[in-house]
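So that you can tell them apart, the chains are marked A, B, C and D in the order they are listed, and the count of residues begins at 1 in each.
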């Protein structure tokens, strides 16, 4: 789960990572009130889950009330690389002496947390890496012993940051790691990590991703919603606990297990079709989950045919078949379905479908055959 | 022969008394696996059909000599159950549970790496050595004994490919689902190194997917250390970059980690890569028939 | 540093270990006020750093105001096995269904934390061990992975406690471990761990020892003082940062390093003398530390002679000699001193002493010789 | 030969720039020890006489090839300095610092035990291999090369006994102060096992004290594994039970852990125990003269 800048900063503040004063605003009036409370100059910042806000005009300095009003009006509702701006963050302006880059993330290769620091902040980490790969210092942390003072010193000295801020930057990295651990983050990124004219160290931006599997431990974070951050179908799927990603095509896809669904997308594409979505009904998909999934897939108006590709392990094909029958009873289905059931209880599943004799449901034996059939039916 | 599970496997199941635990536990028992115990705190002394249930893994090991553990408990209790099994001296823990927090697994992984317990999974379908033992949720009736070692990050994709090979008349030494989470206990390399020394295995099939750099590192390992033929499949060519596809294992980040990059890395090291499950099966069969 | 029962319970409460309501009292009036506030019946408990309070009459049930007054009057000032009662803990009375025993301590052999649980509480752990060694279940905890739920379950099931409290007792053990870690404790002990008639789990007593080396991390704990908990000389030594233990004899002893001081006590005893104290001036003893040490040793009126046994490593013999000279300048010393200096800068040290020619200071070359001399001089 | 430190020791000192660090560091250098670096954050690039100072242990190792680290920093920074040295790949860390919180050392101990770094100390005087290297605060001029291996929980007691042996004309292979804290990196057994295989060492002297059960377990180890003669000394016969004598290493708990119990355990396994430092020295000399 990705957090907006200001949501990430609120987590930072909770764990002692220094951030500038600020207030969120959803209307021009709230933005002006925030500006008045914080005191000028302030920065008006678009809150969207995408980079490049500055270049897109989503970050503006305001030196008085009139400028806050003007910028808030311009930025609210703005489209930034496909994301509509529904919220602003009104923040005390900071003076910039140096811009560094800092991050903590899970390194999948080493299976360890990794802390990163660079003296070249304010640009994308990819851009830093391109300019000077040695400018990014990486250190693995043993999660059982935690972030030690020496990790902070090592990062700070090896990154070649200003000598007078070695200690506070090391301390900030320790707090950043604490945030990462305490909040079950997969990523915390600070870019830029700011050194002000008075040599204070401040996180000027915050990019935080929380592990969705751990949200049960963080009920407050789980409740944060990003208006406009998600597609309508994706939001509907999320509410029903389904993993759904919208794509550009017209063939609705449902499968069980991420690998099989990905493979199904590939096979449909190879057969000349264009998938409308990725939908993993998950291990042990129950009948209700299937009903939910059919609703989500069909709520996308582009869909002209649907492919069910099930290979049952923990999922039982009879439950999938029952779910499909129930869905057809509840929903007015207008597009053809191709269904391929294999694995646990597959015969029972196929029997259920045969007995129900649903309109427009075609049963296929193989994955390639099913893909070819659905491409044909989708037109 | 086979790897990891076989006739000597003595299985204890954490979560045996739950609905899914009972269903799959009994499936494993009926397949012929020695399922010697279940663990459910507070239900010690009960039985699930013929299988005795204990309050702790320690009791189960002491009473039954269990050497392998299968974890079937909900995600928030899974890390604890894995650690308990390891503490009780279990040599191989197979974790089926999906949705375990990554930080839990990170701590468990680092802890186990320093001890004597091997972990397979989590979020995996388990391990099947056809004709010998089935530990997990792999639908065993599709598979028969044979000489193809199969290792996969994806559960259902494993069945798909294993099944296609079976339909052409070939069997498997062992089928290992390693799981698709960011942190899993055993890697492709761990499993392939075991297939390499397993006399029954003559061909290795690996099923990867987008995300991470496991497949790339495995390509290097195969080139350096593996003498047996390896056929690979990678899922996710159609996945748009930056979108999460199901479990966190499938995040494409930057230029690396794409299906194309992985397929290329494998082919560069001489590993044949099939474009569909059917093509993988055809390549495997062709190689086996020489 | 040992804590009084109520101080330990306050730490327990901070970390979520359930304890009965209570208030400390230093006077009868405070005790009565506490009783009125808590509501009767209450238990009036002597707060001393020694076991066996109950048998000594230091724990009394009071069912009304008059009884609180009566018991508080009787217990305050009472002597319990050498400890005077200066404080009371007035506690809500609990009804007792079962009494268990629980503890977390550092196992020096395994170098790991150890959790212990027994269904046989309310008596000394030594008594439990004597009655039934199997009744005490011990489990080591890996401090890098911490106390897991399974540790609690294992302790509870193996200890054979009542089935209905397996879960809450396991949870209490986890909180106890949390207290142990967070407070840098070397021991936390709960005896009895109570199961009430309504099946609630409560820590009815608390024995907590905090690692003195870690007190800098716990300034609030460091400030807790136990009036009457320490001997006058020991208190004086503690204030000066010296490790001093009072003994029964008449020969004052100062050495550097615990091992050498212990060996010095042994050698003096073998020579027929009786040591008046153990005093380790520590590694790197400075001149001021020596002055402090002389003051502490001589403040014990029983002392008739003093032995300085120094073998310099990090300690420099010249500094010790200078300290002794300064001490003789500041204090009116009336007993003879035997001084043995060896090791780092020993020649300089002996030269300083020779030049100062202090009255009643005898320099000896060997430890055995010095011990024989001081025994002779002590009379 | 000798154990742990010798002519190949390349020493980096954490806390070299402090007063005591400089004093003893230069003492070690002047003795002939290869003191190749110091570590003090923020003082990288400076020198202490001829010894270069680095900001991190990693820099020191990379620039000088240091293989041994001595820790001389205040107690609240010591655990971090030990972990830093281990992380930088140092094989032997000798920690002189006294007063480190026990929980810090507990975590450090468990962490190091799983890696390749040996820790000696904390709260110890260091290690001296006469004529080869001196790492720590042992006053080296009392000792000469020889065949007595000496290991002790107490610093000053080590000098006392070592010195008495030296006065009778014998020298030492190595003198190891293991420290008296509840948790130290190396035990009597760890050190005695090294003396057992060190060709130069012909006799082993161990100095224990009250508290814990180290000496008792060492007695068992000696009986089973040690062929060389061992002479022991135990301090604390006069210590009253239940009183703390200096560092936490000297707490007598219950019946076990007393000096008498330890002496008895050792004698029961055939180890000669001296009643005073002088008697230990006499026993050692008698054994050496055969």
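One rule holds in what follows: a residue touches a chain if its C-beta (ideal position, glycine included) is under 8 Å from a C-beta of that chain, and two chains touch if they have at least 3 such contacts.
Since the model is a prediction, treat every value here as computed from it, not as a measurement.
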| item | value |
| --- | --- |
| Partner chains that chain B and chain C have in common | A |
| Chain pair showing more contacts of the two, C-D and A-D | C-D |
| Of all other chains, the one whose Cα centre sits farthest from chain D | A |
| Distance between chain centroids, defined by C-alpha means - chain A, chain B (Å) | 28 |
| Cα-centroid distance, chain B relative to chain D, in whole angstrom | 48 |
| Euclidean distance of C-alpha centroids - chain A vs chain D, Å | 54 |
| Where chain C touches two or more other chains at once, by residue number | 142, 144-145 |
| Interface hub residues of chain D, defined as touching at least two other chains | 107, 111 |
| Pairwise touch network: line, ring, star, complete, or other | other |
| All touching chain pairs, where touch follows the definition stated at the start | A-B, A-C, A-D, B-C, C-D |
| Sites on chain B touched by chain A in the complex | 20, 24, 75-76, 96, 98-104, 106-107, 109-111, 125, 137-139, 142, 152-160, 163, 180, 182-183, 207, 209-214, 217, 233, 235-240, 243-250, 254, 259, 275-278 |
| Residue numbers on chain C that touch chain A, as the complex places them | 144-145 |
| Complex contacts: residues of chain A adjacent to chain D | 142, 144-145, 148-150, 153-154, 157-158, 163, 166 |
| Interfacial residue positions of chain C with respect to chain D in the complex | 106, 108-109, 111-113, 126, 142-144, 181, 184, 186, 211, 213-214, 216-217, 243, 245, 247, 255-263, 265-270, 275, 278, 280, 282-284, 310-315, 342-344, 366-368 |
| Partner chain C, residues of chain B touching it in the complex | 41-42, 44, 55-59, 77, 80-81, 83-84, 87, 107, 111 |
